[in-house]
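A short write-up of the structure that comes next.
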Amino acid sequence: MPTTLIKLSELENGQEGDFFALMSAKEALTTKDGKPYHRVAFRDAEREVSFPVWNDVPLAEECRERWEVGEFYKIRAKLRETTFGPQLEIRKIRSVEEKDSEEGFDPSMCLPRSRVDPEELFDSLLAIVEEKVADEPLAELTSAILNENRKTLLRLPAATRNHHAYAGGFLEHVLSVTKTCVHLAEKYADMFPDLEPALDTDLVIVGGVLHDIGKLRELRATPIGAEYTPEGTLIGHMLQGRDILREAAVDSEIDAEKLLRLEHIIIAHQRLPEWGAPKPPMTPEALLVHYADDSDAKIQMMFSVLEEDTTDGPFTSNRNLLRQSIFRGE
Amino acid sequence: MPTTLIKLSELENGQEGDFFALMSAKEALTTKDGKPYHRVAFRDAEREVSFPVWNDVPLAEECRERWEVGEFYKIRAKLRETTFGPQLEIRKIRSVEEKDSEEGFDPSMCLPRSRVDPEELFDSLLAIVEEKVADEPLAELTSAILNENRKTLLRLPAATRNHHAYAGGFLEHVLSVTKTCVHLAEKYADMFPDLEPALDTDLVIVGGVLHDIGKLRELRATPIGAEYTPEGTLIGHMLQGRDILREAAVDSEIDAEKLLRLEHIIIAHQRLPEWGAPKPPMTPEALLVHYADDSDAKIQMMFSVLEEDTTDGPFTSNRNLLRQSIFRGE
Amino acid sequence: MPTTLIKLSELENGQEGDFFALMSAKEALTTKDGKPYHRVAFRDAEREVSFPVWNDVPLAEECRERWEVGEFYKIRAKLRETTFGPQLEIRKIRSVEEKDSEEGFDPSMCLPRSRVDPEELFDSLLAIVEEKVADEPLAELTSAILNENRKTLLRLPAATRNHHAYAGGFLEHVLSVTKTCVHLAEKYADMFPDLEPALDTDLVIVGGVLHDIGKLRELRATPIGAEYTPEGTLIGHMLQGRDILREAAVDSEIDAEKLLRLEHIIIAHQRLPEWGAPKPPMTPEALLVHYADDSDAKIQMMFSVLEEDTTDGPFTSNRNLLRQSIFRGE
Amino acid sequence: MPTTLIKLSELENGQEGDFFALMSAKEALTTKDGKPYHRVAFRDAEREVSFPVWNDVPLAEECRERWEVGEFYKIRAKLRETTFGPQLEIRKIRSVEEKDSEEGFDPSMCLPRSRVDPEELFDSLLAIVEEKVADEPLAELTSAILNENRKTLLRLPAATRNHHAYAGGFLEHVLSVTKTCVHLAEKYADMFPDLEPALDTDLVIVGGVLHDIGKLRELRATPIGAEYTPEGTLIGHMLQGRDILREAAVDSEIDAEKLLRLEHIIIAHQRLPEWGAPKPPMTPEALLVHYADDSDAKIQMMFSVLEEDTTDGPFTSNRNLLRQSIFRGE
Amino acid sequence: MPTTLIKLSELENGQEGDFFALMSAKEALTTKDGKPYHRVAFRDAEREVSFPVWNDVPLAEECRERWEVGEFYKIRAKLRETTFGPQLEIRKIRSVEEKDSEEGFDPSMCLPRSRVDPEELFDSLLAIVEEKVADEPLAELTSAILNENRKTLLRLPAATRNHHAYAGGFLEHVLSVTKTCVHLAEKYADMFPDLEPALDTDLVIVGGVLHDIGKLRELRATPIGAEYTPEGTLIGHMLQGRDILREAAVDSEIDAEKLLRLEHIIIAHQRLPEWGAPKPPMTPEALLVHYADDSDAKIQMMFSVLEEDTTDGPFTSNRNLLRQSIFRGE
Amino acid sequence: MPTTLIKLSELENGQEGDFFALMSAKEALTTKDGKPYHRVAFRDAEREVSFPVWNDVPLAEECRERWEVGEFYKIRAKLRETTFGPQLEIRKIRSVEEKDSEEGFDPSMCLPRSRVDPEELFDSLLAIVEEKVADEPLAELTSAILNENRKTLLRLPAATRNHHAYAGGFLEHVLSVTKTCVHLAEKYADMFPDLEPALDTDLVIVGGVLHDIGKLRELRATPIGAEYTPEGTLIGHMLQGRDILREAAVDSEIDAEKLLRLEHIIIAHQRLPEWGAPKPPMTPEALLVHYADDSDAKIQMMFSVLEEDTTDGPFTSNRNLLRQSIFRGE
């Protein structure tokens, strides 16, 4: 008698069930004493379970020969909580078939989601461009780049590592940076009304929107996250973002110096050469975009450390992206 | 017949006039070939004129023996624009006397002013504390520190160097930082509602208000700017700011851990040890205050470079605070 | 028939015995192939034995559920030397009970001891203050700080890591630093009799005594070593040491500038900002205390490497605190 | 009676003569004691003479108002060797007129020349491409870029500073780098015949030819040397060189991966981020081009230091581009 | 029936055979769960096989007690390809005996070989000295040093790590460096004919030949590679190379300044202090030798990374000597 | 009537007198406006007077053509205190002649003296070797090196710059370092009696005595200080000191490993590669010598800054060897 269809993320300790899942990792390893096994992982939108498949179990050959990362599976398994995390005892497993959609299968049910709907993030970004950017050709150019890449942008994660590998991660970061750009640009334009040349708030805002646009070419979204393209590794998103801008600007009426300033913002946004910027920010606009980006990247890293650290005590471990402990409180 | 009273900043090339001025610099120098002279400067609120007084001119002895930096003078002089800047040919000079107030003398007429009235800046800062800081004892503690030092804060410049030496410079910087703190704190609290522990927006905002409060002890305001106290040089404003906070907190009901977190924000706000921070930011609140402060400091430096650079061409010289050229435009 | 009571450190290979021991470590681990176990350690004053407790052995549950680091146990076990170090086969184990003191149990018998009796170290330090420090209020202030914290100081280890975790470690370091301070201060006062201002030998010596006094608040002694307090991690012993000094000085007649110089010595003793000093040494006294401290810390690290390295050959491994090989000789 | 026409570089001490010269510098300065003057320089192909024009001499006004850097003049003057270098006492001076060509005036007679005729350097470079680069589309692309920019390349100096400001300086450097590329590529292809992928000698050679091609856009040749364009300062020759390559490749049949590898060589040729490279060399070809370029740049700097240093003794001063002394010999 | 004699490097999967092999590694290890074993390796000239010997197998005691790294063995074993690399199932094993030479045993058959016969490399190096070095005493001194150490040089590997541990590795590097020295010296002597002092091509070439000669004393060749001598670790090959040169020069007629310049080349060839050079290159000759050496070392590292990396995909892993990924191609 | 013979250092303001002096500096300079002059300095043991000689004064030609640095002169001059320091109005000047010794001229009367008689310093150093160094061959070797170079050592300054240019400066530094070595060696040998290998106090002490011995070859004493030899600049005193040691040890019975350890101390005494040490200290003895040397060098720099700084206020300027301000007190 078939068990009822359930979600992987809803299985409780000891419960057996049928569910759809994405294979998100498979790695051939060997214990120190030479015993071979595979470490595999399956996930749905809210839970990822990772466990070993030993070479001498019945599923071993199928695992080794046929299971593939990025494929969807229908699985019957029992979940077992161990002191080493939840594990699956797989009873049955097969690739998802066309007819499974009748039972409700949809690839998106296995993929992690951003906090906010990517479409909403995209629309907010576009709205800022429309409301805040006064220079017509610049606003049009920016909207055009966003709209032409809408589909990819909605799916683009912010980084290649698994834990940020959710669709919309890119937009989440870019929107946050752009909001800070709006704040800083308006504040300083207000504080320094007599500056020559005047602070170009348009450029600060568009700089926020487009600073990372090169990730469209640097990364390649895959079902299980994103990976670097060869061009991305050899050239880098700062240069590729400038390419995207220049290609889009060919038919634009944007002022030449304004375009140059925007190219500069993109290639200088990481500020220091040791962080990969071929030039340091040489305009106030470039400096503000740098700070909006850098502060967002670092605070989000710190939030991630707080979310993911599993140690006890008032401080997190210092084995994390920031290589320092964070204070949680007592 | 006496010339009419005029302002130093309104004298035109070749015009002679009587005016009140502050002596803002006097330095005994010698040319490379051994000829001694004094370089002196006089200023009112909007213009500063700097020129040499040679040892063999009639005023030389008076200059050497009696003129003092920080004193106010009534001067009759002719202004002469030279390719080396404006210079004064002094006809008469005497110290300001009591009765000069009848003719309209007021020390503040000789002192540079901040863009905005310091009282207004102070009130804005206090208003943010009252409106945005929810924790009662924390808000009271912060307001108390501000109010107790109101008079000094209104006069405190942001730095010791001459060109920032205007009353209110400190408040201008602190208010700008605090506004960014409000923006960042509210944005991230909104984006990350489930963070544990939750982002403490109160601490970010108060951190902005108090991060540089130690400058009350590090610096000593003088008529011509500010200078370091010995304690300031040997101990530094980060530690001294923490002292001010701890002394004020003795009678407060502020939560102990909250106080500790605030102390940490103050000593960590310069982030990297090579910038003088004894500890790196170990809380999200400290990291946000760091970015709000650092971005304000650097952009204001860049604005100063743009304002003060006297070279021609599309770029400024690179002989400035930032040691790099800034693009002005073509 | 009960085996005779013996010391853990006296057990020989293959010998079984009853002894008292402190549990000094317990860590839940898993082998690479997912097998769970606990690594535990027991110690007396002179030997620490560390070994795995597998999840399928009789004691496993008791180990997991009840044994606690920092508790004392009465154990019957056989010691077995393996190529992987000595291990214990535990036959019986129970928590120490009150009556065990009749059999001679005393917590101190399980704790590592410093080379020299901490009381002797304390007395030597106090004697230096009394003999060498001429300024009365300064000598009194220093002695008072030592005497008020005598009990804690006697127990304070020098660091948090296990291998230095012996009571008296702090005093051992401070006495050694102070002796070098005496040597350097007297030598340079003698060599440079005409210096203005004269070298203040009192300050150099007291600087040696108090440079690390903030560790009283940065660390918390535990039976198995020391751990950082939250205040210690967020603020640091240099600032906390200055706090202790300032609090103690409130009722002292110490000269204000002398106090300021001493505060400076404490916060500058690590010299470079990347080593955590908010200010570099700006007085000869601070520079000498820095060198006395730094040279003692580094040479003791090198001695530790020599003592603890277990490799063969003329050089130690370079996997140590100093990240370099040390020459032992051929 | 007119003096005979002579070359500036042939004038001897005390000799008066008529000659054509380029004004290569004019700077408004003031002595420390406030005396204004202009420092001017005139040059022909082999000598540059720099001297002050005081504000109170007959020519002062003409100098201030009319002389322009980059213009050619016919001058009658006496050369005087002083302990402070050669100086000119100008008797007459006027701008060069059309008819002067009858007397033999030709602008190139006033410009410094490279050691070797730029046309010869250009031809040598082109010959290497033709003989050594086996891949047809790559060789054609490279030749096309060179030929299309032939006229500018012949005039391009290697750098903006005055002492390298000779036409052909760019080609001299590029040819030297390319020769080393040929040497290294052939040697290693020979030593490592089995490498996978095989070393692409074509790419190493073309990398040498094109590594600095972006200087076509980064710099703007002027009669008195070269100056940075705004695009050059804000974007930089590495990115601009990649642009030139990509634009030229649009209609080429060059293999896509080969083009990518060549783009990478160009942007990575300065190797370290702190030297401005957005990516480090990630292919053997890019690493070899880096070394060929870096070694040529540094040894030419050292040669320049040896040529230009004017101190006595076995070592040069350390006040030079390399910030170190060079050993000349005893 | 005895299996036929075969080479270890010719054994195929599943094949059993008798062969001679050198034991190249033996390390006592324990799995994380405390199970002891030895990891051993055997090699012939072209293959090295590494595998565990568990403590409970028949050969375990013999392995632990008698097998020695650096000894030669006759082995009968079956080769088994596993997903974890090839492994040997040893049936029989004994030390090589004298009579085995009758069966064709020769120690050199078990040692890795350089790409080119070391004698050929040595002769090429000597030929360069004879043909290119014009200064008689210098050429003689150089040849003498090479000839006196001929036997050791033929066997010296380039480094201590196993994978470069082939006889001739040193000569391979030195010959490559020297060839680049010849190229650079001749090119620049040609380009800069008027330099004062003239570039000494002899010194550049001899500098290439002798720059690493101190490795004769820094390293000690062993059958399984090379190891550092205590003198090598405490003093280093740059200083030891200078010693060798000075000792050899005692009876030479070499010019004193030339000798000093050559000593300088040797100690400065690593250029930067953080790379171990006590002095930076202060002569053009020393700078050229530095570049010839540095470029060869780095490109050979990159080639090694490409040869040895076992990951898939367009890029190598970044876990290698260079700490970066290398592009292989798609 | 001749003025009475007096010392330069005893002349008072306005006083004219005859005295002997050493010319310690002469530099051809030009003012910014092109006026040539020489800056010259004359000194006796306790005062140095520096002043300009203008090209148009009677003595100018004699100054330019004949006066030489390092020569002794008999001078009649009036001393005039100016706000720019004391200056000499020279009436008569001639080179010292043989007969002047009758009037009491002795070159040493014009040379600065160390605080303590160099012979006394030398004897103290030798006494430490004899009393403290237990190993006979080591003590003999050390004494022999000192005694053989006694004459030069007595005259050797510590550095090349003028203000340390007194005979005995080298011995002053070495004796101070050696005293600290004795203190540290004895303290740690006492604290760590069980160390393996035991701390070799002999080596620490001899290391102190000989660490800078290479300055015998790196520097060349001149009447006006010391200058680098070419060998000193190209090779350096650490390597040259090791040479001196090795040459002296040829006929010694010193233990080979002890000699190696001593060589290592000498080349490692500056500890970090960026400070010129080819190897870091790899023995406790080398580390202690490093600290004894480094602390003495830095504290003496700080004392020099205090002695030489001429600014007012509680802090010195930061324009000094240490690039930081020193606190003098209020």
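For the reader, a short list of remarks on this structure follows.
Chains here go by letter, A, B, C, D, E and F, matching the order in which they are written, and residues are numbered from 1 within each.
Following the convention adopted for this analysis, a residue touches a chain if its C-beta (ideal position, glycine included) is under 8 Å from a C-beta of that chain, and two chains touch if they have at least 3 such contacts.
Chain by chain, the UniProt names read as follows: A, B, C, D, E, F = 3'-5' exoribonuclease YhaM.
Just so you know, these numbers come straight off a predicted model, no measurement behind them.
Common neighbours of chain A (3'-5' exoribonuclease YhaM) and chain E (3'-5' exoribonuclease YhaM) under the contact rule above are C, D. Counted as hops between touching chains, the shortest connection from chain C (3'-5' exoribonuclease YhaM) to chain F (3'-5' exoribonuclease YhaM) is 1. Note on A-E: its contact pairs, compared by residue number with those of E-F, C-F or B-D, agree for more than half at B-D. Seen from the Cα centre of chain A (3'-5' exoribonuclease YhaM), the chain whose own Cα centre is farthest off is F. Averaged Cα coordinates give chain B (3'-5' exoribonuclease YhaM) a centre that lies 63 Å from the centre of chain E (3'-5' exoribonuclease YhaM). Chain A (3'-5' exoribonuclease YhaM) and chain D (3'-5' exoribonuclease YhaM), compared by their mean Cα positions, are separated by 46 Å. One finds 45 Å separating the Cα centroids of chain B (3'-5' exoribonuclease YhaM) and chain F (3'-5' exoribonuclease YhaM). In chain F (3'-5' exoribonuclease YhaM), the positions touching at least two other chains are 31-32, 230, 233-234, 257, 261, 264, 282, 315, 325, 327, 330. Interchain contacts give a graph that is no line, ring or star and is not complete, per the touch definition above.
Contacting chain pairs (ordered by label): A-B, A-C, A-D, A-E, B-C, B-D, B-F, C-E, C-F, D-E, D-F, E-F.
On the side of chain B (3'-5' exoribonuclease YhaM), the complex with chain F (3'-5' exoribonuclease YhaM) involves touching residues 28, 30-34, 36, 230, 233-234.
Of all residues in chain C (3'-5' exoribonuclease YhaM), those touching chain F (3'-5' exoribonuclease YhaM) in their complex are 115, 172, 176, 179-180, 183-184, 187-188, 191-192, 195-197, 257, 261, 264, 280, 282-284, 287-288, 291, 294-295, 298-299, 302-303, 306-307, 315, 324-330.
Partner chain E (3'-5' exoribonuclease YhaM) is touched in their complex by these residues of chain F (3'-5' exoribonuclease YhaM): 230-231, 233-236, 238-239, 242, 257, 260-261, 263-264, 267, 273-279, 282. By the touch criterion given at the top, residues 29, 31-32, 35, 37, 51-52, 54, 82-84, 314-315, 325, 327, 330 of chain C (3'-5' exoribonuclease YhaM) touch chain E (3'-5' exoribonuclease YhaM) in their complex.
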